[in-house]
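Heads up, there are several structures right after this.
Here chain A shows up in two complexes: once beside chain B, once beside chain C.
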Partner chain A sequence: MVNQNQISKLKRLSEIIISIFSRPSGMIGFSIVILHIIIAIISPLIVPYDYKEINSLIMLRPPSEEFIFGTDQLGRDVFTRTLMGGRVALLVTFFGTLIAVAWGGFVGIFCGLVGGKIDDIVMRIIDAFLAIPWILAMLLIVVILGTSTEVLIPALGFFYGKGIVRVARAATHDVIARDFIMAAKARGHSNFSIIWNELLPNVRDAVMVEGAMRWSWMLLAFSSLSFLGFGVSPPTPDWGLMISEGRGLMSFAYWSVIAPIVALSSLIIGINLSADAFAKALGIDRTQKAPV
Partner chain B sequence: MSDKIQTIENLSIGFKSQNGREVSILKDISTHINKGETVGIVGESGSGKSTLALAMMGYTKQGLYTISGQCLFKSKNLLNMTDRDLEKIRGKEIAMIPQNAGQSLTPNLKIGYQIEETLKLHSTINTKDRQLKITELLYKVRLPSPNIMAQRYPHELSGGQQQRVAIAMALAGSPKLLLLDEPTTGLDVTTQAHVLELLNEIAKDTDTSMVYVSHDLGAIAQVSDRVIVMYAGEIVLDGDVREVLSSPLHPYAYGLLNSIPKLSLPGLPEAMPGTPPQLEQNIKGCCFFERCEFATDKCKNSKPELFIPKNKKMKVRCFWHSKLSDKQYKPNYDTHSANKTKKLDEVLKLDKVSITYTKQSILDQLLNRFSEKNITVKDIEIEVNKGETIALVGESGSGKSTILKSIAGLLNTKNGAINFKKNITLSSDVRNRTNSQLRAIQLIFQNPDESLNPSHTVQEILSQPLKLYFQLSGDKLEEKIIDLLKKVRLTESYLYRFPRQLSGGEKQRIAVARAFAAKPDIILCDEVTSALDVSVQAAVLKLLQDLKNDMGTTYIFVSHDLAVVRAISDKVAVLYQGRLCEFGPSSEVYKFPSHPYTEVLLGAVLEPDPDLKPVLTAEDRVEESPPEIGCSFQSRCPRVLGKKCFTETPPWQISKNGNAIRCHIKIENLFKQQTSEN
Partner chain C sequence: MRNFIKIIFISVFSLIISFSYSYASSGVFKVSHDLGFGKDTNLDPITKGRLFQVIEKTMNRLVRNDLNGVPSPSLATSWSANADASEWTFNLRKGVKFHDGSDFDAEDVKFSLMRVSANKSPAAKGISMIESVEVVDSHTVKMKLSTSFADLPLNLTDYRLRMLPSGSEDTIAKTGIGTGPFMVDKFDAEGTTILKANPDYWEGAPGVAEVHIIAISDSQARVQALLSGQIDMLRVIDYKQKPIFEGNSKFKHHVIPTGNWRGMVMRTDLEPFKDARVRKAVRMAVDRQALADLVTGGAAEVTCDHPVMKSDQYRADLSCPQDIEGAKKLLADAGYPDGIEFTVYPSSLEPTWTPIAEVVQQQVAAAGIKVNIQVVPSDGYWNDIWLKKPVAMTRWNQRPADQALNEIYHSSAKWNESLYKNAAFDSLLGMARKELDFEKRKAMYQAAQNVLWEESGTLIPYTVSKLIVTTARVNNLDEVENWSVRWHKITVD
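Up next, the complex of A and B:
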């Protein structure tokens, strides 16, 4: 027998999806994000040139029919490198976000539930971390442990989970004050069952929306690291790195930076728009106006 | 005749729905307010009464707009005025008193300053005289020592006092028209009666017109001269308050009056079938067609107009009103008879239960000693028999919900014992109770929006107790759930809906079904009907009564609504400040309220009859904490004997009718005093 509850829930999910795509922000945002993801996956198959092939004869060619975005200072095709430039960034930040949501959500819900001294101590530690400028901390980690993806994913995940702790904790506080939690307690359900069945489904939405917002921030952070030379190492194509390399030549070879800048900002805008539409579809309105 | 202060002509207000259709909330409203007149607007949630009241001051909520018609104040249309012009009228000519004064006062400014702001805006009084005016206003709303009050912050006042300050602020501009949106809904019974009395006096003294919006016909009856009954965005009845309430000519108003439990009549009120139409629904004929017992094809296809029947002082929107005027308005109550003859088994006994929220001092904790200070609930002794409905009544802060929570094991008792079925002592912590003890006691909460998990379907909600207590699964679980739905008069089609897809009444039915799923011995009902509309409330009460008769369940019913308690309970326990004042069979308690507090409480109840005025004997005051010694009601009691009341805890006395009271005055003397006063 097909579980009717799941059908009801899928229906709810489809309602949310329809609601997301019926908003201009959701439609545009998700289209951009999906396009970026598709390009990141299939780019090795469709790019016209080798991304690392250096050719001193065709350095800094302006856009033409042959090289539609021109070439960079080493004669590499900018179009090829731009298409492939999001691969590492998306991979690192996607898994980084998952880690951030997982640990941030867990610690936030835990603190919200236990309260008292433990909550106080954990939250003060989180506050202390929030006070450290993330870029300095990241640089320190990268200098000590290297710039491999195995280091970057957990490091970014850790730094961007702190904000999620706060959101998850606040959402937990809201939910545990409600009567259905008290009703479950009075019925005598176990703590685990109360957390799993009653609390989590209601905290999930807020945490997911926050996670989506963090993703865009993390993307920017990762690109900044690359820009400073601490992210992806050459010759792997990466937008941050490309912008950094082309920066000095910007006054006469603008094309080598325009493409990665547009690519990076469109992805960030796309994620932000999607997160907003997602929040609205779930009924979490972050842009409520005062009734004046 | 009296002049019209405001005229509303063919007003329709609505919004654009998602698919671009125009949906109207108010449909073609035409009425007027006379000078010095108090008009009550009554209707259930969603009837458009608040939208109408806001339109009267030229305000439409965000997203709404005026479709047609106008709202004329001094022959100027408020609805197309500029904001600048409206500012001059609002507060000065038309003032509004909101529902929740606590939220509408700015918390960080002193009361006096907030009133002064209004005075600065809307009068030309100079600074020196302004202080005098503030004192005068606060005196007018009968706040004690107005000069000191003006220096207080809103949180230092009680709910009733805050409402009085809101009234004083509204009066500051000496408006011609006062709009009141459910001004007494959040208040205690006695406070509400006092505030209404104040409003009546103000109306008389200042000759201000008032529009009183409420769902409570009792309050409307006390203050209004004229009453407008609204249903689905239309005026269905508009006329003199006495005539409307004594012989309502519209079937909706008739049903509404019938569904209100009344103090004077025992038993359950009649419920109105059906639900109001959806906003999006396109209604060609009468909006009440679907729920009306007189409905014919004529009602379905053509809309009745508002007109004045012969020899009547009201306008009515119904083709068949004559059928109603023939049918004498006679409430039809099915009285429930308590099975008195049968020997009843005791299922629950509270033995000297005391509860406190304050932490005990370390010294007391170390010595394992019970400190007598700041006890929220003290020495409660109640016996509950099988199949009975026991009601706990009292005003806010009387500890009634606290007692329920401790029976459910959600709050630790500090002293005393909760005995279940004579020989089992229930642990005061829910975690230490056995599965069968947990099953035996179930809770229903006040607000079903809060008590049902929004991310679960009805099937999941109902399966939880079944899985937990009976380990049901598969087809058996499904069968049982459908069976439960039928018991609460819902169909199988509700199984996979989410709570937000249900109406308020349906949600509460699901909550009731969830409690009954455990086959409990005792169900604790915490204000289960106060979040519901009157007609829905009657249906839920009826359902609870039917289920009790079928299953032999015992209810412990907490409510602040004394008429509801009268309708459903067999025994009543009256609480004041966490101390029991009176306990006895409800018929006796309501007939001979012997304890002074019960008398005060019952005197303040508002009945939907303008000739039954509330009796206000005690001072309207909220006490912060109960007195440490003596009678708990000492400081408000109208019958204080003397020193004894302040120093000695009063003894229990049992009257010949079977109700027990805790008072120093001899019970016979109390009777004598009461009857001689009447």
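Up next, the complex of A and C:
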């Protein structure tokens, strides 16, 4: 039996989905993201060549019937590598975003709820971390701990969760003074119970939208690391790495960088459009953020 | 008549002015360096962190390579040896001054050469046979050797054996004082080092007033700096980037065959590379011609894991085709029937390192050798990765056979990067030095190269042809390797 509560949740979800897809930005954005996810999943099955096969006889071939996106400086098929180039990036940044949303959301809500010295101390620590350029901190981490996904996922999750802390805390401040929170406190509920049952449902939307935005930034950050040589290890295809390897030759062999550039930027634009449509569907005006 | 005298006077005056201008140093010549030694970068030519882009312009050697690479006079004007080549007398150039105004004389030669072994310099192996340097008179020195050695002048062309003012032990790393065409005005290893023209240079005043040497650690950033005119010359460019500069009137380029090489070093003191069969298996599994074609676009000469350049009189011409089955057998014999796995650490310091690692990774996989690639930062690569990691990338500039073999593979050499230790090999090099008969000496050096093919921990797949590009405003750059370039002749428009 489906109870009334579940029906109303499903109804709201369907309203949100309809609202997202009724907007051109939502329709286009989500279509791009879904297409990228599908390609990332099925690419090993559909690519025409081995992504790591090198051949000195076909280096830097321009696009042709045989190699529709041309070949790179080691004679590898750019089409194959482009299709497979988003797999690691999507995997790392998806789980990185989940970690960022989880810890950033929890710490933000907790600080917003308890306030006082704990809030002050935590926010000053967050401020200190925000002052460190992410690229420097990330480089330090990957140089010391390596570039495996086990390192990159939590590291990116940590650095991109800092901003979410502030958003979650501000959203918590918006609801903290409402009666139902006072009532929960008066009933003697624990902080955890108040966070889980009262605050989370009310700040969830803001945190999720922020998380979606962070996903696109994290994707860009991951590609930047790969571009610098600290993301994916060769020969695994990755857009940032492909752009880095092809950049020195792009003035005459543009095809080796065009495809990964288009792929990367389209995914980032797709995520941004989706996040925007998602925010509007939830009734969040991202231009009028609460004070943090 | 008065007007006529006036015109003559003005003409002569103008002529003098224009002549003096045409011979004055003018303009700034801007180059880059890769900051590969990070904080250890300094101006002492015999240290590991020597910034050679500076010392080659501020200091002279006794003997230098001429434009054909042959030893020719520099601060030594002539030399001779006794019958068994165990004592060498060098006559020094007179009237040469250091940048601090002091005269160059025999004491400076003694100081400069004797400190090489005293400081345990990486350059020490090349002149380890010099037992003493005696001052005969102010401009004559006699070098007494521990053995006969017919090729001493050749080894004295080492790019680090620069003549320094005696007593400058504690200051040379910062001052960079020498007798060269340029003087250090400001030394900033991580920023821009500024050299000023030495108007009293013994070969004549330099063509440019200043040389700026800018630290740019990333290889592609250096190319962009050249394209944007931030620097005027780049001597390490991926050959595949040649089309960028071909037919572009803003740049000049030339290609020179060299004995410079790029390679991969396995540390022979660590498992699984302690066993020579494992090292050879890795090297045998590489298809060198394909590797050279893929990485350099064919601008390379295949070589078989020894550092002796093709034009060297002592080179052994070996054959080393890819042999996957042979590699598998060697690995099985060494106790690795299922193959081996290791990680190699390239960086963007050298543009071809990562592609080399990628190609080697694919080629040796067929022999059951799994190579992981971890790209590392270029800053401080030579301090943090090279000689530290079990498998690292390396690059060397060309050297004469004796110097290369001794400096890279002798058991006691400071830059023995694979930590290769073989007493018989050391003894062979020692005997070759003593041998006065050219053919016998050649046979010994070639035997040493054969030993390296069998046992070495260093993959040297090819020697490179070097693409050198300058902006169009640079003139008179000799089309030769670094150590032969006469930097004072360069002018800029």
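What to note about this one:
Definition applied: the second predicted complex is superposed on the first by the 274 of 292 C-alpha atoms of A that agree within 3 Å, B and C clash if a C-alpha of one lies under 4 Å from a C-alpha of the other, contacts with A are read in each partner's own complex, and residues count from 1 in each chain.
Here, a residue touches a chain if its C-beta (ideal position, glycine included) is under 8 Å from a C-beta of that chain, and two chains touch if they have at least 3 such contacts.
This is a predicted model, so every value here is computed, not measured.
Of the two partner chains, neither chain B nor chain C is touched by A:62. Once the two complexes are laid over each other on the shared chain, residue contacts for A:186 go to chain B alone; chain C is not touched.
Judged by the touch definition given at the top, the superposed model places A:5 against chain B, while chain C stays out of reach.
Of the two partner chains, neither chain B nor chain C is touched by A:44. Shared-chain residue A:73: touches chain C; no touch with chain B. In the overlay built on the shared chain, the residue A:24 is in contact with neither chain B nor chain C. In the superposed model, A:235 makes contact with chain C only, not with chain B. The touching residues of chain A, when paired with chain C in their complex, are 52-54, 56, 59-60, 73-75, 139, 143, 146-147, 229-230, 233-235, 245, 247-249, 251-252.
Those residues of chain B whose C-beta lies close enough to touch chain A in the complex are 62, 408-410, 430-431, 433, 435, 438, 441-443, 445-447, 450-457, 459-460, 464-465, 468, 495-498, 514, 518.
The touching residues of chain A, counted against chain B in their complex, run 4-5, 7-9, 12, 178-180, 182-189, 197-198, 201-202, 291. Of all the residues in chain C, the ones that touch chain A in their complex are 219-220, 223, 238, 240-241, 243-244, 290, 293-294, 297, 347-348, 351, 354-355, 357-359, 361-362, 372-377.
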